[in-house]
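For reference, chains read A, B, C and D in written order, and residue numbers begin at 1 within each chain.
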Amino acid sequence: MEKNRLEAFSDGVLAIIITIMVLEMKVPHGADIAALKPVLPVFLSYALSFVYVGIYWNNHHHLIKAVRKVNGAMMWANLHLLFWLSLFPFVTGWAGENQFTTAPTALYGAVLLLAAIAYKILQSIIIAAEGCDSKIAVAIGRDSKGWVSPALYAAAIALAFFLPWLSGCIYVFVALLWLIPDRRIERIVDESQ
Amino acid sequence: MEKNRLEAFSDGVLAIIITIMVLEMKVPHGADIAALKPVLPVFLSYALSFVYVGIYWNNHHHLIKAVRKVNGAMMWANLHLLFWLSLFPFVTGWAGENQFTTAPTALYGAVLLLAAIAYKILQSIIIAAEGCDSKIAVAIGRDSKGWVSPALYAAAIALAFFLPWLSGCIYVFVALLWLIPDRRIERIVDESQ
Amino acid sequence: MEKNRLEAFSDGVLAIIITIMVLEMKVPHGADIAALKPVLPVFLSYALSFVYVGIYWNNHHHLIKAVRKVNGAMMWANLHLLFWLSLFPFVTGWAGENQFTTAPTALYGAVLLLAAIAYKILQSIIIAAEGCDSKIAVAIGRDSKGWVSPALYAAAIALAFFLPWLSGCIYVFVALLWLIPDRRIERIVDESQ
Amino acid sequence: MEKNRLEAFSDGVLAIIITIMVLEMKVPHGADIAALKPVLPVFLSYALSFVYVGIYWNNHHHLIKAVRKVNGAMMWANLHLLFWLSLFPFVTGWAGENQFTTAPTALYGAVLLLAAIAYKILQSIIIAAEGCDSKIAVAIGRDSKGWVSPALYAAAIALAFFLPWLSGCIYVFVALLWLIPDRRIERIVDESQ
């Protein structure tokens, strides 16, 4: 039951984050197609962030499914993750409005990096609680994607000071990498059922 | 359990979309009835979009009810549908503020069309997973409404460049068409219980 | 199960309405107590609307609890109710910013009246489905509060053109009338358990 | 079942409060790091309020878990608590934008104080309903933290007129005090299972 409420609260926060991001796309005053031009980069950054929140929801779903008993550390690690994800609307709006120039691109990457670290902390706390030979620990395994993405975010932040458009490409690339859902967990959980 | 969380997340996103749309109706500064005049078209487009989101929620509800096991493809097809629906507040605000002139009317239709296509994709993935002789496949049948509405949206988009008010009428007409809930599924599901 | 999703969706919409209303209280630019002065009437109208949404949530909760099987008519009657409730943030902001002068006060009453009518329609559809001798029909009985409040709202709308402050008092009075939860239903449902 | 809906509604409202607070961090127009400078104090007040809402969610979760039967008084005491919590986005924005000067700092403390009192009322109503020797009554015990924090908030409000930065420190200190979850209840509930 405790777990249900953790899931319900996280679903609520993620649903709101994914939806209020669209409020950063301000309705233009003009009535012709040209009026949409400044909205386009915000739309693209919105679409990218939408995919990222979708990925987090998807993986969060699989991760929490593996939890048998929620403890206080998990609750706070989960809130910590939600905190960084809640900054997505802000960085999405800033990056979109400034067409992924240096500072907004670096900040976008920083929030992605901090959210990735928060996810890793939550994952570690859950594995620690469930045991090293639990289904979830085996399923995650070496977690190569979980290590590669923070490294790529860090690289993209540094790169933003020289070639911000390349940083943007890295963010899109990492999103595509994760779009393949976390089948590792899914597979092992399914097998054991 | 997986299915519950998919429903809860979709319900959350749809509930937020339907509610934050009202924020596009900006509170007027004046205190007399005349101050409401510019708000009226936004109110009408809000009411139309409210009905559309209500229709999607209703049909989504019946569709997901027929799913026995959620897979990764369904999750992403569902997020894809929510993405287009999440653009409703933006296009509703733009169409309302510009009183359904050409560009906003065409964009409104484009988002309706893309949402309809996304719904069809989700429906196909669910039917593919459940089997061609499953209750849901039989219930949907030839899906005439599901084919007629995208065709009407496409026609309305083209028409928006000549007679945008007629496009608006088409959007209202399709909404009325769907207000009759998807009794096909409801009936067959009920019969088999 | 159907019923759960109707409740979840309604809870979501009501939770969002009650929360985004606070966004109509714009953060003032000044840093002294005097800067709060224009916010005060918005705060008071926010508090009143918060109580109204709380009342609707409370009564809605008892009403839906009595439903055994959700049908299409109930779903749409429920969405119809949520539509009028979703206009609360708009009328609350307008009435608050203009300190309950004539037009905003009348509109506030009109939305209260339309929501009350929508609630009555939902209630009638549920009673019709459950039968005249069902627990819910007996519990509601003559429904004097359900008839008195729309009459008072209508009177307050008319009065707004002469003594808008008295209309405001009527809205506060009706809220107090309903703050006493719908014990009729609660009592009878409890007895029969 | 009643309890589930109370939890679902409260989770919804808390999830929305915690998420819309981020909308007070307005996206800056400039594209360089310097443009973030005025956003920084709003970010810090956002982080503090995020922790407070997280604490309330956490403790609320443990408190409601101990309830066996929800009554009308609990529902209204719960809505009363949500009312004061719903003012967090407003006071967070005002305190952040004015860098915790006198008036915003005092108001921030006032809302914290009123929310703390509302929580105490809810707690008392639940203990009264469950009985003085119930698990929850024993778990809460003398409730030293529940008495110390309102006293500290009151002190901080008075102090805001002389040393507002010290009031800010007190708010941070009380948050840290509560970050340690309410293990009293957790422990006793766990033991008895």
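Heads up, the rule we're going with is that contacts are C-beta pairs under 8 Å (C-beta built on N, C-alpha and C of every residue); 3 or more make two chains touch, one makes a residue touch a chain.
Keep in mind it's a predicted model, so treat the numbers as computed, not measured.
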Expressed as a multiple of 5 degrees between 0 and 180, the CA superposition of chain B onto chain C rotates by 90
For the copies chain A and chain D, the interface residues, called same if over half of the numbers are used by both and different if under half, are different
Separation of the C-alpha centres, chain A versus chain D, in whole Å, is 26
Chain centres from averaged Cα atoms put chain A and chain C apart, in whole Å, by 37
Among all residues of chain D, those touching at least two other chains are 8, 12, 15-16, 20, 23
Per the touch rule above, chain B residues touching chain A in the complex are 1-2, 5, 8-9, 12-13, 16-17, 20, 23-24, 72, 75-76, 79, 82-83, 86-87, 89-90, 93-94, 97-98, 101-104, 107
Seen from chain A, its contact residues with chain B in the complex are 7-8, 11-12, 14-16, 18-20, 22-23, 25, 27-29, 31-33, 35-36, 47, 50, 54, 57-58, 61, 65, 179, 181, 183, 186
